[in-house]
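Note that the chains take the letters A, B, C and D in the order they are written out, and that residue 1 is the start of every chain.
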Amino acid sequence: MIDVLYFAWVRERIGLPKEKVETSAATVADLVAELSAREERYALAFSDTSALRVALDQDLSDFDAPLAGVREVAFFPPMTGG
Amino acid sequence: MIDVLYFAWVRERIGLPKEKVETSAATVADLVAELSAREERYALAFSDTSALRVALDQDLSDFDAPLAGVREVAFFPPMTGG
Amino acid sequence: MRIVVQEPAFDIGAETAAFASGRHDMGAIVTFTGVVRDDTGTLDHLEIEHYPGMTERAITAIADEARTRWSLGDVLVIHRHGCLAPGAPIMMVATCAPHRADAFAAAEFLMDYLKSRAPFWKKEVTRDGAAWVAAKDADEDALTRWKG
Amino acid sequence: MRIVVQEPAFDIGAETAAFASGRHDMGAIVTFTGVVRDDTGTLDHLEIEHYPGMTERAITAIADEARTRWSLGDVLVIHRHGCLAPGAPIMMVATCAPHRADAFAAAEFLMDYLKSRAPFWKKEVTRDGAAWVAAKDADEDALTRWKG
């Protein structure tokens, strides 16, 4: 079980800020494929991962990173702070 | 008659902040030569003009600049503001 | 070092005065304040979303990096989230250093990284609707000057 | 634009707050404050001499040049003269602009030119005696980045 978090328009498209996901995905990309296969709203949110960023346990990471040992995955658009 | 002003260590070496000078010097360098010929304290203050700056009517200028029409000449070391 | 992520407004003057006070060995203090800008006069407010936990962690990492790169006396970062009206301060950064070049470089570094590496997202709410602010290529490009 | 040359202390916090207030079209506010630094613990005070008349004229020219180079909303320069104790603010510069790169560049430009082109001279008075601060080659070199 991992916590999956969504922010900004990713959160809006998927329709929730956070959920627990039962998965055996090996990488972030595998998790994205699993989620996209669930429902149209996930497929829409993840349709272009080049427009997305991912953090694993609150550190920026990559879509090909392994998920072993990870407890929290977050998906969001490029940041616009400052 | 022009006003001649001295600042910082130039003022200290010459021993006064300001004086009126009757001169027919054509350039700043000519004025410096006239003043240096007066007394040792002037010669000392002007011994190395590369270590000095000059302003004519409150604008930075050069030692070879003409004095025609100038009412105020100031001599001082390189500035250390900020 | 002080890192603050909060919803309420902060007092730029009071923060600047507090940061600057008692610096006998620091000749240079630089502050940057970001303000909600309304170019067109149509902005009702800005909504800033963030990732609690990661935000503090990311800002701390950026500030630590600045302290390894330059000789700094101290670093302050304040960043707000929630609803902000036009003209409201969004965030501020302050640095102090013995020399001005270090204080300026560190403040610009902090701003460049906060823009694109701290998990905040801005949404503009105007009378015509709401839209997420898109990240600018220029902001990503700004990071390249600190590399290599 | 406000240029102030004065002997009394100024309030960094109040000046920053006043400069920052009501900027609906300026996203970025940068301030620089210079403080009397005492590295060795021997400084009694700093004496700052200036050239009344030329000082205001030179600072105004520098600020005008900054406003032609960058898109700025406003510029503030405050510079003190007279006797200043360690830790006392000597001067401050503030700039605001729609974008942060302009506000930062203009503030650094103002500082670089104020250092070497505004008629101020600093004398350090320590328990061992008094000495005029020598201009640094680095300060003159700093101007080259703004040329050509």
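Couple of notes before you dig in:
Here is the rule we go by: a contact is a pair of C-beta atoms (placed from the backbone, for glycine too) under 8 Å apart; a residue touches a chain by one contact, two chains touch by 3 or more.
Just so you know, these numbers come straight off a predicted model, no measurement behind them.
Note on connectivity: the fewest steps through touching chains from subunit A to subunit D is 2.
Chain centres here are Cα means. That of subunit A falls 26 Å from that of subunit C.
As a whole-number value, the distance joining the C-alpha centres of subunit B and subunit C reads 48 Å. Centre-to-centre separation of subunit A and subunit B, using mean CA positions: 72 Å.
Touching two or more other chains at once are residues 34, 100, 111 of subunit C.
Looking at subunit A, residues 82 sit in touch with two or more other chains. Touching chain pairs in this entry, ordered by label, are A-C, B-D, C-D. On the subunit A side of its complex with subunit C, the touching residues are 5, 7-9, 11, 55, 58-60, 74, 76-82. The residues of subunit D lying in touch with subunit C in their complex are 11-18, 20, 22-39, 86-87, 89, 98, 100-101, 103-104, 107-108, 111, 142. Against subunit A, in their complex, subunit C makes its touches with residues 34, 49-51, 53-54, 57-58, 79, 90-91, 111, 114-123, 132-135, 139-140.
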